[in-house]
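Structure first, commentary second.
First chain written, first letter: the chains are A, B, C, D and E, and each begins at residue 1.
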Amino acid sequence: MRRRKTIKKIIPKMPSRYQKKKGKAPGTITYMGRRENLESVVNVLEYNEDEFNLHAPANIDEIVAHKAPPLVSWIDIVGLSDEVFIEKVGNRFGLNSLVMEDIVNTHQRPKIDEYEPHIFGVFKMLYINESGELIGEHVALVLLENAVLVFQELEDDVFKGVRDRVRRKVGRIRSRGSDYLFFALLDAIVDNYFAVLEYLNDKIEVLEESVYADPSPDVAQKIQELKKEVLRVRRWIYPVKELVSRLIDTDHPLIAKQTKIFLRDVLDHAVEVNESLQIYREMSMSLMEMYMSNMSNKMNEVMKVLTIMASIFIPLTFIAGIYGMNFDHMPELHWEYGYYVVWGVMLLLFVGMLVYFKRKGWI
Amino acid sequence: MRRRKTIKKIIPKMPSRYQKKKGKAPGTITYMGRRENLESVVNVLEYNEDEFNLHAPANIDEIVAHKAPPLVSWIDIVGLSDEVFIEKVGNRFGLNSLVMEDIVNTHQRPKIDEYEPHIFGVFKMLYINESGELIGEHVALVLLENAVLVFQELEDDVFKGVRDRVRRKVGRIRSRGSDYLFFALLDAIVDNYFAVLEYLNDKIEVLEESVYADPSPDVAQKIQELKKEVLRVRRWIYPVKELVSRLIDTDHPLIAKQTKIFLRDVLDHAVEVNESLQIYREMSMSLMEMYMSNMSNKMNEVMKVLTIMASIFIPLTFIAGIYGMNFDHMPELHWEYGYYVVWGVMLLLFVGMLVYFKRKGWI
Amino acid sequence: MRRRKTIKKIIPKMPSRYQKKKGKAPGTITYMGRRENLESVVNVLEYNEDEFNLHAPANIDEIVAHKAPPLVSWIDIVGLSDEVFIEKVGNRFGLNSLVMEDIVNTHQRPKIDEYEPHIFGVFKMLYINESGELIGEHVALVLLENAVLVFQELEDDVFKGVRDRVRRKVGRIRSRGSDYLFFALLDAIVDNYFAVLEYLNDKIEVLEESVYADPSPDVAQKIQELKKEVLRVRRWIYPVKELVSRLIDTDHPLIAKQTKIFLRDVLDHAVEVNESLQIYREMSMSLMEMYMSNMSNKMNEVMKVLTIMASIFIPLTFIAGIYGMNFDHMPELHWEYGYYVVWGVMLLLFVGMLVYFKRKGWI
Amino acid sequence: MRRRKTIKKIIPKMPSRYQKKKGKAPGTITYMGRRENLESVVNVLEYNEDEFNLHAPANIDEIVAHKAPPLVSWIDIVGLSDEVFIEKVGNRFGLNSLVMEDIVNTHQRPKIDEYEPHIFGVFKMLYINESGELIGEHVALVLLENAVLVFQELEDDVFKGVRDRVRRKVGRIRSRGSDYLFFALLDAIVDNYFAVLEYLNDKIEVLEESVYADPSPDVAQKIQELKKEVLRVRRWIYPVKELVSRLIDTDHPLIAKQTKIFLRDVLDHAVEVNESLQIYREMSMSLMEMYMSNMSNKMNEVMKVLTIMASIFIPLTFIAGIYGMNFDHMPELHWEYGYYVVWGVMLLLFVGMLVYFKRKGWI
Amino acid sequence: MRRRKTIKKIIPKMPSRYQKKKGKAPGTITYMGRRENLESVVNVLEYNEDEFNLHAPANIDEIVAHKAPPLVSWIDIVGLSDEVFIEKVGNRFGLNSLVMEDIVNTHQRPKIDEYEPHIFGVFKMLYINESGELIGEHVALVLLENAVLVFQELEDDVFKGVRDRVRRKVGRIRSRGSDYLFFALLDAIVDNYFAVLEYLNDKIEVLEESVYADPSPDVAQKIQELKKEVLRVRRWIYPVKELVSRLIDTDHPLIAKQTKIFLRDVLDHAVEVNESLQIYREMSMSLMEMYMSNMSNKMNEVMKVLTIMASIFIPLTFIAGIYGMNFDHMPELHWEYGYYVVWGVMLLLFVGMLVYFKRKGWI
């Protein structure tokens, strides 16, 4: 029953979604994810060229207090199941109710929406967790004037590198505004897609090995699962390219012109990831083709053995059958060397057959 | 003959359509649906921030009377077979004859047309009825200045949630105009498409299980029917994305700017539904591929059994045949242990064959 | 040889075309159709709100005489093989030589060309004739200021409904100009495409039935022919959508603004027909897939029977062979119940085999 | 080894191209074709409404002399292997070195480039030569103010009709300028593509016949070769549509407005050819599918014969084997009618089997 | 294990990339290639109409010194593993840190980025090395006002022809600016793609030969590898067309108008390469199809032999079995010519069978 589980993972069960939202007004904030009843954890990281501090605010009012103009605030909210809390945070930062709905909607397709005072984005962070599984974690980013709000579903994320760079003042991140932080986070998400490509690539290589070595039905099933996994990942990654491209073309005041040069880099990566996914898709289709061709090859092998055995021994058995008949008058039976002659004939036939099959290239 | 029925459902029989319309002038109002000779039922729901009332007008003149400016009227007409009645209603609200033709044309492809004084849309409400069947019900929406006309074929609909929100004053619906009501109905239609996705997803999962467990021809047929069902649903859903997108770009005075933000949400959902349908299509193709691969695997199994049995016993039978011959001079027959020697040879051959097939991985 | 004929119908033999036109100057009027040497028949139908008359002019000069401004003239020319006559008619109405070339070129792809004083369109009227065959008849429409010229290849057409409406003053046709007549004719052509869809749909249903019931090679051939028929029809229908769409966007003075609303309806239908054709194409591909899967299923059946019979009886025959050997010393032969013991062993083997195959689900 | 040759023809061997051009400066005039070391032959045809003369200039200086303004000159250069000569001609008419490079580059993809004083086009003339082979001949056209230069590889061409029309003053060619001549040549090239369609159509019909009658491996190979031929032809024809379309939109002074109406006709034909090629491609794919289905049908036939024979006779042989055993105590052997009873049983089994297979529809 | 190696080559192992870049700031210069720890080698080639000299600067300061305005400098840096050195060079020429990152990122997808003072391009030089392998070498070009910087991974390159032309003053290269040099290098890269097409074409021809001659599973594997190779090459070549097209449309001051005419030529070639790759892709798919069809043909052959042998000899053996029975009363056994009669019957059956199979076309 292992397989069923895999399938469920691949296509997130819709009923919950449909039943949860059914009949609610648009803009109703309904958490769609799997980890229910957990408190949200907030971490605030403030920095500019000179200062840097990290603290966990005790309550929501404190969060707002940190939104001081000369500092850039990275406000990280982990855990999205407490809808009331999310709504409070959202209200404090003046987020639209539709934005808040999307923040907790873990089924939301990647998107970037521009509003007058902020830019809002939803993405999937894809990473391989410790048990080697591919995780697609919902993350929402809100770019404000001096802050970036990050709403994520689980504690794990792909932002460790960015945190380090802020902490250790590496690169230009400490000297730039919140738009650069927004870019850096987006860049981290997209860069991590390469890890997913590796993961898929490894899977393809293993399957390729199996297809050539031992094309069992199990392998066919794994190929189909790979195909579905590629489809699933593609669905999460594919829209990013278009979104970033539109962000580059925007004239929203929150995105500085020099940040757009960096966004072009993210776009490049997004394009590359999409191309690779496309190639993986074609490769998985080729795998199935190869599997079928190997199957039919094996069938050929089986048939050849049968044909050779049957073609050689059925005629010989017939000859033996002839001289097993009980007719009163069968002169050969009384020949002194009849038996040996028959053996000779049989041997000749046997060798003839072998030569024939050899010539056909079957043995 | 169960299958034939399914097919008919999937591709609505065209003859009726073609024959009904044949030779009539464009703009002739001809009901295309399946429920003939039924009276239309009208319900009017009027509301604003403070007031709310629901009543069924006794005749057409009453319907118009309710179109009072400060109130938003939701006029719901159920049953489209009485063409004369529909025409009267249409004339009262100044609808174009082409619009009226589309209202009763249950074969009409989804569309949104903008006219000077109103916006007209035709959609398919998709839902699963009580007997678990997928129903595609024709619905036409007309947005007027203070009213929305809803023409639907059957009593069932997907607007229960919207009605509740109006009744119980949930969300912003009571404080907005008729364009918001129009959006809310459209949103309800599109949101319900997710229920259809669930329905298709469940079907795919069940079929997937069957393909792995027991790839009977019946399963192949079900996969083909699923493919046609996805095609049918896609045809009804696919145009919606484009239509909503155009509605967002319109500058028609009836659509307020703040309503467009909500329409963007509907667009998001429409895009997502289309993507999922695309994935289901690819998955149903993979299912067929898997079915074929399992079939050919089973054939391989069958052939292996045949080959093993035949390859082992035909040579042995040949040997037995040899010593069943009646030659006068067959020295082996008179050996004291001849019989046992032959048994020994046969056993050796038998074991040799088993080892050979074992090595080939066939047993 | 029935099949060859079908093929010829599907792909109109090119040689005639190529050989007829080879080396002629562009603009040379060369009839391309199949009905040679027939006189053209002209019918003129004149009408306005009050008047209506229909007559067959005796010669070409009379045709022109009817082109009176207050009346709309529908001039119907049946039979295109008399190139000289067509040229004379064309010259009278000031048609370009390229237009006249297209009028008689029955291989012409659907097109609409706008010229200063007229709009010219070529289409295929598709209809099912009395013997149930699908006919694709070449028709050319020329919209002039107060007249529409209709050039058609055969007497049959799809305009009966339009004629009736003009005659019986149904709908708005009598009160509108020649552009509305042009639209009405175009509408009749496109509406009739739905009859072709029915025809194809019926064919698909019949083939589907056959594929499940009896997948003979004949069925495969019919599926392939269906695919070609869909291709052929698609080629004639597909361009119409684009053409009508461009006609809606034109600012040619002959097309009134209110007529464009009706053209939008034709566009809707054209889009729908194209979508259906696309679905039929996918369905015919699924049919072939289903056919292949049923074939391979039948092969499986055959192989199972063979394997079961051979696997059961070959070992039993071997045992019988053993005791048919003529060794002097075979103790079992002299046991009193040897024969019965052997029968017992055989029965055991037989039952064991049956159980084995039963467990494998083969019987 | 016949096949290998065909392949070579289909994909023109690249090495020559790559090796010939390797390291040369762009604009170097290098002949790429197959007919080396041949002198170019020049023919000049001059005409206007009243005059007409044709002569072969003795040297290059004479060619220029004919470029008299009131006459249109059609300068035909056959044979492109003499690069020095081509360069001289080019220089005389002020052609760019890149243009001259393309004139002799027989691998050049179809293109039309507009330069200040001339328009330059490269195409493939496709025609069936006397031995029934499809020839793709490189041709370059240069439109000058009062002349058209035609550079062609071989003596054969598709311009006979145009030459006749000029000579015999048919149509409007004698009264128009060089742009009309350019159009007429282009038209002749594209019109001849229909001959290629015929050629492909005939091939498809023959193959279709073979697939149904005798699906030998040879047929499969021919289908694959057809597919490659369609690909090759498509590559030469496909770009023409786009090129002509751009030529229609150009505002280059050399193309008069009334000539563009004629170019629209060429465009129509190019579109039609492309559509037909697309259909041929799909038909060749269907052919392969049909081939595979027929193959698997034949396999089914073979398997049925085997199964019927084996299923009937193996059990009967078993029964015979039973009574061939040599047990001392086999009561049946001593029954007076034992032998006949066994025959009866065998006959019953035989008939039973036949009935069983008949019911299965196998015989 | 030879195969595994091939696979690795085809899809460059991602881990290195992902692990190397993980967590680094954007703009960090990290070499991604395979040749670590090698010193970079610099060669400077300076020229104008009159002068020409080539020297290897001793240190970085010297490189800058040569950037004299009246001369065009071609600065060639071979070896990209020394990131510090690359950064120094980059800084000297005022390159952006993102540019420098791309210079050493050997996984970078082809791209052309325009910056205020320079144009930057990354490409793959594809060539066949001495051992016949296809090499994809990373190369970065930077166009400055009087210089072109070339950063390449390995010593081998495709620029020998350009170097020769500069040295030997062939063509216009010595009289033009750095933009012409940039074009010439780009042209050399794209021209060399034709060599790759040849390489692929040869592979396809060899495989085609094998598929027809001996469709072993090995061939199927090689076809799949070819398909992957085409995919890989396509990924490197495909974007070039779009990039050059955008370069032609640019209004960057570094690209002179007359150079754009030459770029159009490069574009032509890029388009042609892409089309050929597309054709190769379709051809490799056809190869697989052909392989499958040949496989199934061979299976047919095998089955026919089996069926013929079994169908002939099983009935004959049955007859022999009949007369091997030991019934007391079997009159035929005592007929004088019984034995010969049986032989006769057997011969008749044998011949009958042969005729039957002959008629079926199986022998």
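Simple rule for what comes next: a residue touches a chain if its C-beta (ideal position, glycine included) is under 8 Å from a C-beta of that chain, and two chains touch if they have at least 3 such contacts.
What you see is a predicted model, and the numbers here were worked out from it, not measured in a lab.
Counting the residue numbers that touch the partner chain, chain C and chain D have less than half of them in common. Taking each chain's centre as the average of its CA atoms, chain B and chain E sit 43 Å apart. Centres computed as Cα averages put chain D at a distance of 26 Å from chain E. The set of chain C residues touching two or more other chains comprises 292, 296, 299, 303, 306, 310, 314, 317, 321, 324-326, 330.
If touching chains are joined by edges, the resulting network of the protein chains shown is one closed cycle, each chain touching exactly two neighbours.
Listed in rising order, the residues of chain D touching chain E in the complex are 3-4, 7, 11, 13-15, 17-18, 21-28, 96, 98, 108-109, 111, 113, 214, 217, 220-221, 224, 227-228, 231-232, 235, 288, 291-292, 295-296, 298-299, 301-303, 305-306, 309-310, 313-314, 316-317, 320-321, 323-326, 330, 332-339, 342. In the complex of the two chains, the chain B residues touching chain A come out as 160-161, 164-165, 170-173, 183-184, 187, 191, 194-195, 197-198, 201, 205, 208-209, 212, 261-262, 264-265, 268, 271-272, 275, 279, 282-283, 286, 289-290, 292-294, 296-297, 299-300, 303-304, 306-307, 310-311, 314-315, 317-318, 321-322, 324-330, 360-362.
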